[in-house]
Every structure is written in C-alpha cells, then in structure tokens.
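Consider the two complexes below, in which chain A is the common component and chain B and chain C are the respective partners.
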Partner chain A sequence: MAIQVSGITKQFGTFRALDAVDLEVRSGELLALLGPSGSGKTTLLRIMAGLEFADSGSLLLNGEEALSLTPRERQVGFVFQHYALFRHMTVFDNVAFGMKVRPRGQRPTSTEIKRRVMELLELVQLAHFADRYPAQLSGGQRQRVALARALAIEPKVLLLDEPFGALDAKVRKELRRWLRKLHEDIHITSVFVTHDQEEALELADRVVVMSQGRIEQVGSPAEVYDRPASAFVYEFLGQVNRFDCVVADGVARTANGALSIPADGTVRGPAIAYVRPHDLGLSPSAGGPGRVSGIHVVGPDARIEIDLAGLPLEAEMDRERLSALGLRPGDQCAVHIDRARVFPQP
Partner chain B sequence: MLVKKAVGFTPALADSRWVKGLLIATALAFLLLFLVLPLVSVFVEALRRGTDAYWAALVEPDAVAAIKLTLIVAAIAVPMNLLFGVAASWCIAKFDFRGKDVLITLIDLPFSVSPVISGLIYVLLFGLHGLMGPFLKSQGIQIIFAVPGLVLATVFVTFPFVARELIPLMQEQGNEEEEAALVLGASGWQTFWRVTLPNIKWGLLYGVLLCNARAMGEFGAVSVVSGHIRGETNTMPLHVEILYNEYNLVAAFAVASVLAMLALVTLVVKSVLEWRFGAELAATRH
Partner chain C sequence: MVAATTSDAVLPNTGGTVLSVLRKPSVLPGFGLTLGFTLTYLSLIVLLPLAALALKAAGLGWSGFWDAVLTPRVLAAFKVSFGLSLAAAAINAVFGFIVAWVLVRYRFPGDRIVDALVDLPFALPTAVAGIALSALYAPNGWIGSLLMEWFGLRVAFTPLGIAIALTFIGLPFVVRTVQPILQDLPPEEEEAAAALGATRWQSFRRVVFPALLPALLTGFALAFARGVGEYGSVIFIAGNIPGLSEILPLLIVIKLEQYDYAGAAAVGVLMLMASFVLLLALNLLQAWMRSRHAR
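Coming up: the complex of A and B.
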C-alpha cells in the first residue's frame, strides 16, 4: 500500500517539528527516515500511525484520506524503540492481542488465533518462548516479539521507530539483516526511522534525509551517498573533512592557500568544501606540505591525522596500504584529493 | 619487594559490625516501643476481665451499630475514591494539560488540612445554619449528623490515597503500552481493562488497602459531622472515645481491638498477596 504525505506541518509550542513535508512511500518498499534528533522523523512516523495529530496537510493511505482516522482504523503495524510489549502478558498473549481485541464479528476463532500466533512466532524464530514474559527475554528477542505482534493484525503498512536503537551493536547488525530478509519475503510497505546512517544505507530501498522538520533529499542509498543534494546531507552521511574556502575560476582555495580543490562551475564566491577521509590520498614526501600528527588503528582500517599548514585533516585507508606507504607520526607527506564536493556558503 | 597488605582494606560500603548491630538494635527497640507494645496493650486491656466481658462489649447493640456504620461508610467511601483515584491518576499521568500542577496540589490538600477543619467545612456548608442548610432542610435531606455527612467527611480525608499511589507508578510506566494497544486496534476501554489496569493492579490494591484502613479509622473529621448519636451516627473510633470517656475501659479497648485487627488483617492480606503473586509481580516490573 502506498502512502502519500503532502504539506504536513506540526508545531510543538514554538518548535516547528515538521514544516510542510511532502513525501511519497511506494507500495512494497522499505523506506528509511534518516536524520539527527529533532529533525522531525519520529513525529512524521507517529503522524502516519495516528499517534500524533498533524496541524495541517494531508495523508493518503492507499489513496484514502487518513488523518481523520483513528489508529485502529488505519491498520498499521507499529514497532516502538523500547518495544512497548505488554509486560503482564506472555509472548503468546502479546502477539495474540491485536486479534483478540477485534469486534466479535471479525475476531478469529481461538484455534485460528493460536495457529496464527505460532506461525508468527515461527517467523521471528521465537516459537519456544511463547510462554515467557517480556522481562525474561533479551532486547533482540523482545524486538522480534514486537515485530510479530505488529504483523499479527495483518497491517497494510509497517512503521518502525528506531527499531534497533536500544540494542547493542552486534545484535543490531544481526537484526538488521534479518529484517531486510523478512521484508524481501513478505514485501510489506515499511517505513523505519533511524539516526544511524549506516543502518539506513544498508537496509533501505530509499532513504529520506531530514533536518529541522524538512526533507533534505530522497533517493536510493547510493544516490544520497554519492550525490548529496546539500551540505547537510553530505555531512550527515559519513565522516567529512570540512574547509571554508573561496571559489574563483572553478577552483576552491582555502584561506591559507594550502589546498586547492576543483569545483564545478555553478559555485562562486565563499563556499564550503567537503572531502571524505577515504577520498584523501597521502604519499610520503620529505618536502611535502602535510605532517602526520597521529595514527589510530580501528580494526582493519587506519585513521591518519594530518596537519596541513595548520589545517587539521583526517584520512582513512586500510592498514596494509598504510604500511606500504610507510608513514609514521611526524613524517612529512603530500596530500591529494581524489574526490570532493563544494557547496556554496549558506 | 612489594608487599601487599590486606589488613587495612575495607569495602567502601561495608560498615563495621558494631555500627550495623547498633543500627539494627535501635530500629528494633523503636519498633517494639512505639508499635508492638501499644498494640499488645490494646489486647491486654481488652481482655483484662476475661473473654466474656470482651464478647459482651462487642455484641452490645451500640457497639454492633458502630461496627455496622463503620463498614457502611467504608463500603461507600472506598469505591468512590477508587474510581476517583484511578480517573485522576490516569489523566495526570497519561495526558498533558493546563492546570495539571494545580490538580496535583488539590489532590494532596486533604493531607495538609487538619481533619477537624475538613469536618467543619461540611458543617458550615450543609449544617442547619450553613450555606445550604435551609435549602436541604426544606427538601427534607439531612447530611450533617447523619450517614451522608460521615461518608462525605471520610471521602474527603481518604481522597489522596489511591491517586498518590498510582500517579508515580503510571508516570514511570509511560504511554507506550497504551499506544501499542491503540495501534493494534484496541478501543479505549479495551486498552484500559487489558493493558493499563493489569499494569497498575498492585499499586491500586495497595492504595485501596491504605484508603480502607484510613476510612475505618478516621476520627477527627467524622467526629465533627457525626453528632455522636449513640447507635445511629457513631462509628467505631467515636464509639471507642465515648466508652473511654465513660471509664468503660474494657469495652473501649475491646472495640479498639476490633479496629486494630482490621489493620492487622489488611497487612496480612497484603503480605499474602505479595507472597502468592510475587513472581508475577517481579515479572511485570522492568
């Protein structure tokens, strides 16, 4: 089912959480709402679910106006960051809840409910845990129960609010893969909120980058990463070196003249140049302008801090390449930029 | 050579055995002196002339009337405050609205106002020379010096118990489970009965027990509105006072012992429930 958001605005006191947001969620896709805290992504998700009211705008669920509908009428599945499992119910009863509260005429028989619940618990690989209470499960297991519970009402849309936010790094990664696979199997239109760019890029079909209640860019993970529409998107999607510079004749120069970066023709005057650490090339050179001020090894990668005539830079490369270059702290080196982006000064 | 000495090593939070012993002894002595001793003396005094005199004091018509009246007042006041307490804490914990702080302060008011004053307020409002007295009299309704007055005074005094117990609990539990229930298709009532109420049932039970204990034991406010009509508007605490003032010590302590037993039963019920459902109680906490 497709979702069409148009002109949604939401104000909390003096704070504008959403500012006339337009967005289309395509049927069957897995969409990520990505942004820093306070960017409005969770508010947008909660408005889609009916847990929050929009001040103005319209929301179409499968072509029908939905803002006036209650959450129960919208038939959406919602997964909360902190699971929100019913703590006094077993896993089984949690998953069965959505079916048991239906009006008498639409309620499945108890054998049918039992069959459906066990089927869903199979799906989330928790069939053995049906009799446990949420407090007896790990975080990852609880979130899978929450997912099974959301799917039990056969929702047309699945909305996930930072579903992996409360989990530790390893479980988070596993669950992410698992969710991706689940989505490939059942193809339910899904929107998830995250502030973790890696999560969004890995998991989503399309990524919506939000900032200060507005959408900065919508696109496939490769599009937003390779062709960020704004300085904000560039900065938010990964590590960056940022320089204030002035563009003249298609070349951006930093104030101290230590770096010159080719800029495309549209930018002129004061600008900001961005270079990703792995797009920064280094070579040992005794008379080079840069000096290696520090090296940090993180797993297979190395982060090299460079002092380029007073300008601090960070480069990243794998450790093998670094040892081939033979750079050590204190060495002089030459710096070349493989790829950069220049945005006009806002 | 480095010599490690373990002798002077004390864990930061472990007090010496001496301090621990002293603290425990102080606490026990205090309990004994101020709680156990008075309680025991109530029963000792009550049984001073033997079980026959004790029993006679309890089955005497005025005593029976007092016990009945106390039970009736509690049976009306406690459910009212249960209903009010749940409603108030629900709206305070789950919603944001203007004047919330004022409402919380108002709920606490009966704790800070002397019970005598709260009794007096009702006399001034509903008494014969009170604000609404002439109107009530013309309608043939009597509130002061009658059961309605007793109930009103008791409701006022026991007003905060349930709400005070529930508000922090519900605030700590947050709204997420209710939101989850709504999204899963539950109606407001279903959400309340199936999600909210089970989550607060222990706090609620505790609040109701406290409320009940106070409702039965209340003296000050009830004393003002009662009028002390023997066999009609005397609750147990008032009956105890009258008997005591008449130097009828055995009867006074006999009735007092029934009140004390009500308190003990309340405590026992609470402990048994906690013991019986302890595992479930633990599971429903985070």
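Coming up: the complex of A and C.
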C-alpha cells in the first residue's frame, strides 16, 4: 500500500517539528527516515500511525484520506524503540493481542488465533518462548516479539520507530539483516526511522534524509551517498573533511592556500568543500605540506590524521595500502584530493 | 583435583556464623548492621507490644480464650468490623482508582487543590471526622435529612454510617498507592494497544488495569487494615448498638472499662490473627502477580 504525505506541518509550542513535508512511500518498499534527533522523523512516523496529530496537511493511505482515522482504523503495524511489550502478558498473549481485540464478528476463532500466533513466532524464531514473559527475554528477542505482534494484525503498512536503537551493536546488525530478509519475503510497505546512517544505507530501498522538520533529500542509498543534494546531507552521511574556502575560476582554495580543490562551475565566492576520508590520497614526501599526526587502526582499515598547515584532516585507507606507503606518525606527506563536493556558503 | 573440591566445599563454613550462610557476595555494604538494626527495631516497635498482648490473652488459657472470643456479641462485632472494612476498602478501590486516574491523566483548573484534598483524611483527627460525618448524616443533618426524605434511608447510627466513615478515612491509601504507578506507566504500551486495534476501553482493561492491579491491591489492603483498626471516626456515627453497629475496637474499650483486661486482650488477639491472615493472603497474591512479570 502506498502512502502519500503532503504539506504535513506539526508544531510543538514554539518548536516546528515538521514544516510542510511532502513524501511518497511506494507500495512494497522499505523506506528509511534518516536524520539527527529533532529532525522530525519520529513525529512524521507517528503521524502516519495516528499516534500524533498533524496541524495541517494531508495523509493518503492507499489513496484514502487517513488523518481523521484512528490508529485502529488505519491498520498499520507499529514497532517502538523500547519494544512497548505488554509486561503482564506472555509472548503468546502479546502477539495474540491484536487479534483478540477485534470486534466479535471479525475475530478469528481461538484455534485460528493460536495457529497464527505460532506461525508468527516461528517466523521470528521464538516459537519455544511462547510462554515466557517479556522481562525474561533479551532486547533482540523482545524486539522480534514486538515485530511479530505488529504483523499479527496483517497490517497494510509497517512503521518502525528506531527499531534497533536500544540494542547492542552485534544484535543490531543481525536483526537488521533479518529484517531485510523478512521484507524480501513478505514485501510489506515499511517505513523505519533511524539516526544511524549506516543502518539506513544498508537496509533501505530508499532513504529520506531529514533536518529541522524538512526533507533534505530522497533517493536510493547510493544516490544520497554519492550525490548529496545539500551540505547537510553530505555531512550527515558518513565521515567528512570540511574546509571553508573561496571559489574562483573553478578552483576552491582554502584561506591559508594549503589546498586547492577543483569545484564545479555553479559555485562562486565563499563556499564549503567536503572530502570523504577515503577520497583523500596521501603520498610520502619529505617536503610535503602535510604531517602525519596520528594513525588509528580499526580492524582492516586505518585512519590517518593529517595536519595540513594547521588544518586537521582525516584520511582513510586499508592497512595494506598504508604499510605500502610506509607512513608513520611525524612523517611529512603530500595530500591529493580524488573527489570533493563544493557547496556555496549558506 | 579432589583436594580442590573438598577445600571448596569447606569454604562456606569458614565464616562459621549463620549470617555468612544467608549472605551472598554483594557490593552493597552494611548487610549485617542493617539487618540487625531492622530486626531489633521491628522487635521493639512491633513484636514486643504484640507479644505482650498475646501473653495477656494467654492468661485465659486455650478454652478461656475461645470462651471470651466466641460470644455472640464479639462475633457480631467481628462481622461488623471486618465486613464493613472490606466493603469500605472495596468502595475506595473503585473510587480512589478513579480519583487517582483523573489526577494523573487530566490537567484541570484546581487539580493541585484536589490533589491536596485527598490527604486531608490523613491529617484530620479522626474524632473530628466522625463528629462532622454524623452531623451531616444524622436524620436532621444536611445529607441525612435529604436521604431520609427521598429514600427513607437512615445512615447515621447504622452500619451504613460506619461504612461511610471507613470509606472517608481509607480513601488516601488507594489514591496514593495507585497514583505513582499510574504516573510511571509508559504511554507506549497504550499506544501499542491502540495501534493494534484496541479500543480505549480494551486498552484500559487489558493493558493499563493489569499493570495497576498490584498497586490497587496494596491500596486496598492498607485501606482495609486502617478500617479494621479505626476507632475515633466510627464511634460517633455508628450508634454503637451491640450486635448491630458495634465495632471490635469499641468492644475492647468497653471490656477495658469493665476491667476485663484478659478479655480485651483476647479480642485484640482475634483481630490480630484475622488481620494477619488477610494481609498475608493479599501480600502473597500480590507477590504472585508481580512474579509473573518482574525482571
């Protein structure tokens, strides 16, 4: 089912959480709402679910105006960051809840409910925990129960609010893969909120980058990473070196003249240049302008801190390449930029 | 290997004291000190007077005790005291819950004042409450006269009056035990229920209420215990007709006035046993409910 958001605005006191947001969620896709805290992503998700009320705008669920519908009429599955499982119910009862509260006429029989619940618990690989209480499960297991519970009402849309936010790194990664696979299996239109760019880029079909109640860019993970529409998106997605510079004749120069970067023709005057650490090339050079001030090895990668005439830079390369270059802390080096983006000074 | 296991097995006994067996390794300091203090304090403040009471009653002997207690007048007062305390606690459980709900969930002008009002039954001397209530509910009082006129209902100087007095003094217990739990209830669980298609009522009945039930039971138990022991407010409104509206605490006072100290102690012990059994049952019920979803 497709979701059409148009002109949604939401104000909390003097704080504008959403500022006339337009967004289309395509049927069957897995969409990420990505942004820093306070960017309005969770508010937008909660408005879609009917847990929050928009001040103005419209929301179409499958072409039908939904803002005036209650959450129960919208038939959306919602997964909370902190699981929000019913503490006093077993895993089984948690998952069965959505079916048990249906009006008498639409309620499945108890054997049918039992069959469905066990099927869903099978799906989230928790069938043998049916009689446990949420407090007896780990975080990752609880979130899978929450997911099974949301799926039990056969929702047309699945909305997930920072679903992996409360989990530790390893479990988060596992659950991420698992959710991706689940989505490939059942193809339910899904929107998830995250502030973790890696999560959004890995998991989503399309990524919506939000900032200060507005949408900065919508696109596939590759699109938003390779062709960021704004300085904000560039800075938010991944590590970045940032320079204040002035553009003249298609070349951006930093104030101290240590670096010149090719800039495309549209930008002129004061600007900001961005270079990803892995787009920064180094070569040992005794008279080079840069000095290696530190090297950190993280797994197979090496992060090299460079001091370029007072300008701190970070470069990234794999360890083998670093040892081939033979750079050590304190060495002088030359710096070349393979790829950069220049945005006009805001 | 064998030597190691034996020395391991011996280790727990090296402390030699009972405490070291009870004690589990913990970074929290002062286990021995605080446990000792607690036991001493409880013995002095609670157990000693109760033991003295039991001792006094024991002077009657086994059959003497039952003879003193199993009289029609004592049994009738027992029914009045316990029956009406339970009824008042039940009334408070319902309406105290509603008061707590309104105070936590809604903001309205004067909500702070209402919140403060709830505690008044704690602060007011119970005799004052009793006199005020009996003035109101007496057949010529403001409310009493209306009830009399409209329904022919007599409140003051009947068991109904006792129930009203016990309800009055028991209210804060339920409100003050339910309120903080309701306040801390995460809104997500209700939101989850709504998103899963539950109506407001369903989400209350199946999600909110079960979470509050242990606290509600505590409030009920406290209100009940307070009601059983209540004296001041009841004697003014009860009429104190033996066999009809006489409460156990009053009966004890009457026995004391007749210098029947052992008989008074026997009634006291009876109350103590009954209260203890009921409160223990409530506590166990609660512990069982909590254990089902405690971490």
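Here, the second predicted complex is superposed on the first by the 346 of 346 C-alpha atoms of A that agree within 3 Å, B and C clash if a C-alpha of one lies under 4 Å from a C-alpha of the other, contacts with A are read in each partner's own complex, and residues count from 1 in each chain.
Note that a residue touches a chain if its C-beta (ideal position, glycine included) is under 8 Å from a C-beta of that chain, and two chains touch if they have at least 3 such contacts.
Keep in mind that this is a model prediction, so the values were computed, not measured.
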In the superposed model built on chain A, check whether chain B and chain C fit or clash. clash
Based on the superposed arrangement, let me know which partner A:Phe15 touches: chain B (first), chain C (second), both, or neither? neither
Under the contact rule defined above, give the chain A residues that sit at the interface with chain B and also at the interface with chain C. 49-51, 70-72, 75-78, 80, 82, 84-88, 97-98, 101-102, 133, 135, 149-150, 152-153
Listed in rising order, the residues of chain A that touch chain C in the complex are 49-51, 70-72, 75-78, 80, 82, 84-88, 97-98, 101-102, 133-135, 146, 149-150, 152-153
So in the complex, the part of chain C that touches chain A is made up of which residues? 186, 188-189, 191-199, 202, 206-207, 210-211, 289, 292-295
Residue numbers on chain B that touch chain A, as the complex places them: 176-177, 179-187, 190, 194-195, 198-199, 280, 282-286
Touching residues (chain side chain A, partner chain B) in the complex: 49-51, 70-72, 75-78, 80, 82, 84-89, 97-98, 101-102, 133, 135-136, 149-150, 152-153
